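Paired with subunit B in one complex and with subunit C in the other, subunit A is shared by the two complexes that follow.
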Partner chain A sequence: MIAQDKLVIRTIQVGVLVALFGAWFIATRAGGTLKLFLPAPELVWREMGVLARSGQLWASLSVTISSIVKAYMIAAVAGIAVGFVLARSRTLVRLFEPVLSGMFAVPLTMFFPLFVLFFGIGPDSKVAYGATYAFFPIALNTIAAFSNVDDLYLRASRAMGASSWQQFRYVYMPAALPVTLTGLRIGFFICIASVLGGETLAATAGVGRATALAAELMETARLYAWIAFVVCMSVMLNLLALAVETRSERE
Partner chain B sequence: MDFPGRDASQRVIALDDVSLDIRKGEFVCLLGPSGCGKSTLLNIIGGMLEQTSGTVTVNGTPVSSPRPNEIAYVFQESTLFPWFTVLENFRLALKFRGTEDAGWRDRAMQSLTAVGMEQFASHYPKQLSVGMKQRINLARGICVGSEVMLLDEPFAALDEQTRMVLGEDLSILLARRGKTIVFVTHSLAEAVFLADRIVVMTARPGKVKASIEVPEAHPRSPDFMLTDAFQDIRKELYGLLRDEIRQTVAAMRQARDAQA
Partner chain C sequence: MSPNMSSNAIRLVRLLLILGVILLWELYARMVATSSFSAAPSQVLAQLWPKVLGEPNVRFAIGITLIELVVAFVMSVVFGMLIGVLVGLSDIGRRSFYPIVLLLYGIPQAILLPLFVLVFGLGPASKIAFGFTHGVFPVIVNTIAGMRNVNPLLMRGAASMGATKFEQLRYVMFPHMVTAVFTGLRLAMTMTLLGVLLAELFVSQGGIGYFTLLYAETFNPAALIALVLTLALLAIILNELVRMIEARFSRWKE
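== the complex of A and B ==
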C-alpha cells in the first residue's frame, strides 16, 4: 500500500516535469519573438555539450564551487564558534542574539557593492559575501541549540557525577545537534545562493558570471544551458548535504 | 535554607531549622504541602544545592557537592537521555560515576530484569511510555549501586494504577537491597505504603512537624492498604497536613492580593 502510494507520487512528480518540458518544446515550435527568449530544448542541449567540451563549464564551475566551499567553511566554523561562545552566558545571549537576528533581517544584497570594494572583483568578494550571509543562520541556530538544552538533563548528569567535559560531550552536544544541523543546512543554501548571486552582479569568473554574460549578449541558448548546469549543481549539492545530515543524525 | 532573591520582597526562606537523622537502610518519606521545601531539602542532601546554614553528613562526611558514589538521584520526570538507548543510558550513568567496567552490561541487564524491562534495553526513551521510563529510571538508580537513593516525586507524572504497581515493585526491590531511601511525595497513601518513617513538614518555611513510624515489614503487599493500621496512619497524616495546606493556600492568596 505504502509502496504503491510512493509509486503514484513519483509518477505524478515525473509527469509534471515531462509536461513542463513538453510545453517548452511545443512553445518553441510556435515561432515569433518567443523564440528569442525561449530557445528550443535541443538547442540548449547542444549548447550544454559545447560548454562541457570546450572546458568553459569546468573553468567556471571550479571557480564557483571553490568559492562556495571556502565561504561555507568560514561561515560554519565562525558561526558555530560564535554561537557556542555566546550561548555559554545568558547575558551574552541577551546582548547579542537580537543584534545578530537584526543584522540577518537586513537584505545583505544591498551591501554587496561594499564587498566588491573591499575584496575586489575576483572570487574573494564572493567568498566574503557568501560567508557573511551564511554566518547568521548558523550562529543563530547554534545559540538556540545550546541555550535551550533542558535543565533537567544537566541536573541529572551533574547528580550522576559527570565532569564538565563529559557533560559537554554526552549532554550538550547531542542535545544541541539537531538545531545546529538545521542552521548548517539553511546556511549552506544561503551560501550557494549568495555566491551565485554575487557572481551575476559583479565578477570576472564563475558560473554566475557566465550566466549573466550570456544574458547580456542575448545568447539565450547559452543562458539556458548555464541555468541547467546550475540546477544540476544545486540538486547534487542538496543530495550531498542530505547524505551528510542523515549520517550525522544517526551517530 | 535562605534564597536571597533580587531584593527583600523576593527573599524566600525555604527551610528553617530542619533536623533529621536517617538510619542506614531506612525508607523515609518527606510529606508536606507544595512549596514547603521538600525538594529543596532533597537537593541539599544530594549536594545539588548548597545550604545557606547548617550541615548535612552522609556516612559521617559533610556533603557540599554531588556524590554519585554514595547517592543516586531519581527525578520526577524521566532523565533518560533521549539521544541514547536504554542500555547506553545505563553505561553513561556508570561512566559519569567513574565505575564503568567490563561487567557493566551484565549489571545493567540485571537491574532491568529486576524491574521487568530487560526486553527494552535497546529501545530509545521516546519509544517508551512515561511509566516504563520511570521504571527504567529506578532501575538505573539501583544499577549504579549507591547506598543512598533520593527520589523526588518519582511517580508524580504517572497515573494512579501505574503508580500503585510501581510502588509495590519498589517495596519488593528495596526489601532485597537494603538501600537508604529518601522519597519526596504529595500522596498520603504512597507515603504510608512505602515508608518506614514519614516526616511531615510544615508550610513554608519548612520545618519538621511530626515524624511517624510505619511498623510494617517490607516487602509490603497491596493488602496492607486495606488494613486498619494503614487507614489510621493515613488519617493521622491527613489531620497533620490539613492545617499546613490551608496555611499554604492562604499565603498564596495573600501574595496574589499583594500583587494586585
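== the complex of A and C ==
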C-alpha cells in the first residue's frame, strides 16, 4: 500500500517535469514574438555547452563561489561568536535579541547601494552584503540554541562536579547543536541568494553579473543557460541539505 | 548587571545603547570619514526634510513602491493560499507537490531578475511580478503546513456530525490554520518587499530605485541614508500592521 503510494507520487512528480519541458518545447515551436523571451530548449542546452567549454562558466563561477565562501565564513564565525557571547547572560539576550531580530526584519537590500558606496563595485561589496545578511539568522539561532538549554541539566552536571569546559562540551554543545545548525543552513542559503542578488545589481564579474549582461544584450539563450546552471546548483544544494538533515534526525 | 533587571530598565539601557551608537556614528562621520562616502546622523536628518521627503518626485516614487508592494502582496496571499489549499487538501497531492514547491522556493530568485525585466518591462509590472514570486512561496508552504497541523480527530468529528466538506474547511480547518498562515503572511510581507526593492534597484524609471541610484552615484550619502531609513521605517510599520491583523484573527483562542 505504502509502496504503491510512493509510485503514484513519483509518477506525478515526473509527470509535472515532463509536462513543463513538453510545454516549453511546444511553445517554442509555435513561433511568434515568444521566441525572444523563450528560446528553444536545445538552444539553451547548446549555450550551456558553449559556456562550459569556453571557460566563461568557471571564470564567473569562481568569482561567485569565492565571494559566497568568504561571506559565509565571516557570517558563521561572527554569528556564532556574537550569539554565544550574548547567550551567556540573560540580561544581554533581553537587551540585544530584539534589536537583532528587528534589524533582520528590515530588508537589508535597501542598504545595498551603501555597501557599494563603502566597498566599491568589486567582489568586496558582495562579500560584505552577503556576510551581513547571513549574520542575523546565524546569530539569532545561536542565541536561541544556547539560551534554551534546560537549567536542570546545567545544575545536574554542576552538582556532579563538571568543570566549565565539561559543561560546555557535554551539556551545551549537544543541546544547542540542532538549532545552531538550522541557523547555519538558513544563513547559507541567504548568503547565496544575497551574493547572487548583489552581483545582478552591481558588479564587474560573477554569475549574477553574467546573467544581467546576457539579458542586457538580449541573448536570451545565454540568459536561460545561466539560469539553468544556478537552478541545478541550488537544487543539488537543497537536496544535499535535506539529506544531511534527515540523517541527523535519524540519529 | 544584575540578572533580574526589570523590563523598563532593559528598555532604557537598550535605548541608551542605540543613542550611543548614533553618537559614535556622528563623531566618526565628522572626524574621520570622507564626506562623499558617509554622512553624520545630523546631516541625514537635515537631508530628510526638505531635500528628500520634500521633493514631490520622491514622495511619488515612495507611493509607487508602496502600490507595487501592496499589489504583489495581495496577489501572493490570494494565489498562495489557493495553491496551498489545493495542494494540501489531499495526502497524495501534498506529498507529490510539496517537495516541488520547496525546491522552487530554494532557488535564489535574484538570478531570474533580468528575465523578469525582459518579459515584464521596465515599469511597475516587473516589480510586482518579482515581488509576487518572492511572496507566494512562504504563503504556500505555511498554508500547507497549517493544514497538516489540524488535528484529524476534529475533522472527523465535524464530518460525523454531518458537516459538508466546505463546512469542515470553513469551521474547523481555517480557524486552526490561522497561526501558521500568519507566520507565512509575515514572511511574505518581508519577502515581497525584498523582491520589489531588488527589482527597483535593478532598473527603475522614477521609482525608489531611481533615486537610490541617483543619490549613490552623485555621492550624496546623506540623502541616500535618509531615503533608506524612510523605507526601513515603512517596512517596520507594514510588519507591525500584519502582526496586528494576526492578533485580531487569533482572538478566538483566548
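Please note the rule applied: the second predicted complex is superposed on the first by the 232 of 251 C-alpha atoms of A that agree within 3 Å, B and C clash if a C-alpha of one lies under 4 Å from a C-alpha of the other, contacts with A are read in each partner's own complex, and residues count from 1 in each chain.
The criterion applied here is as follows: contacts are C-beta pairs under 8 Å (C-beta built on N, C-alpha and C of every residue); 3 or more make two chains touch, one makes a residue touch a chain.
Since the model is a prediction, treat every value here as computed from it, not as a measurement.
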Quiz item: Can A:19 be said to touch subunit B (first), subunit C (second), both, or neither?
Solution: neither
Exercise. Between subunit B and subunit C, point out the one touching more subunit A residues.
Key: C
Quiz item: Which partner does A:7 reach: the first (subunit B), the second (subunit C), both, or neither?
Solution: neither
Quiz prompt | subunit B versus subunit C as contact partner of A:156, first or second or both or neither | solution = first
Quiz item: Taking the superposition as given, does A:236 touch the first partner, subunit B, the second, subunit C, both, or neither?
Solution: neither
Practice problem: Tell me which partner A:217 touches in the superposition: subunit B (first), subunit C (second), both or neither. | Solution: neither
Quiz item: Just subunit B (first), just subunit C (second), both, or neither: which does A:81 touch?
Solution: neither
Quiz item: Which partner does A:111 reach: the first (subunit B), the second (subunit C), both, or neither?
Solution: second
Quiz item: In the complex of these two chains, what residues of subunit B are touching subunit A?
Solution: 46, 48, 66-69, 71-73, 75, 77, 79, 81, 83-84, 92-93, 95-98, 144
Self-check item: Touching residues on subunit C, where the partner in the complex is subunit A
Solution: 1-3, 5, 7, 10, 13-14, 17-18, 37-38, 92, 95-97, 99-100, 102-103, 106-115, 117-119, 190, 193-194, 197-198, 201-202, 212-213, 215-216, 219, 221, 224-225, 228, 231-232, 235-236, 239
Quiz prompt | Sites on subunit A touched by subunit B in the complex | solution = 152-153, 155-163, 166, 170-171, 174-175, 177
Quiz item: Which bits of subunit A are touching subunit C when the two form their complex?
Solution: 5, 8-9, 12-13, 16, 37, 89-91, 94-96, 98-99, 102, 105-107, 109-114, 116-118, 189, 192-194, 196-197, 199-201, 207-208, 211-212, 214-216, 218, 220, 223-224, 226-227, 230-231, 234-235, 237-238
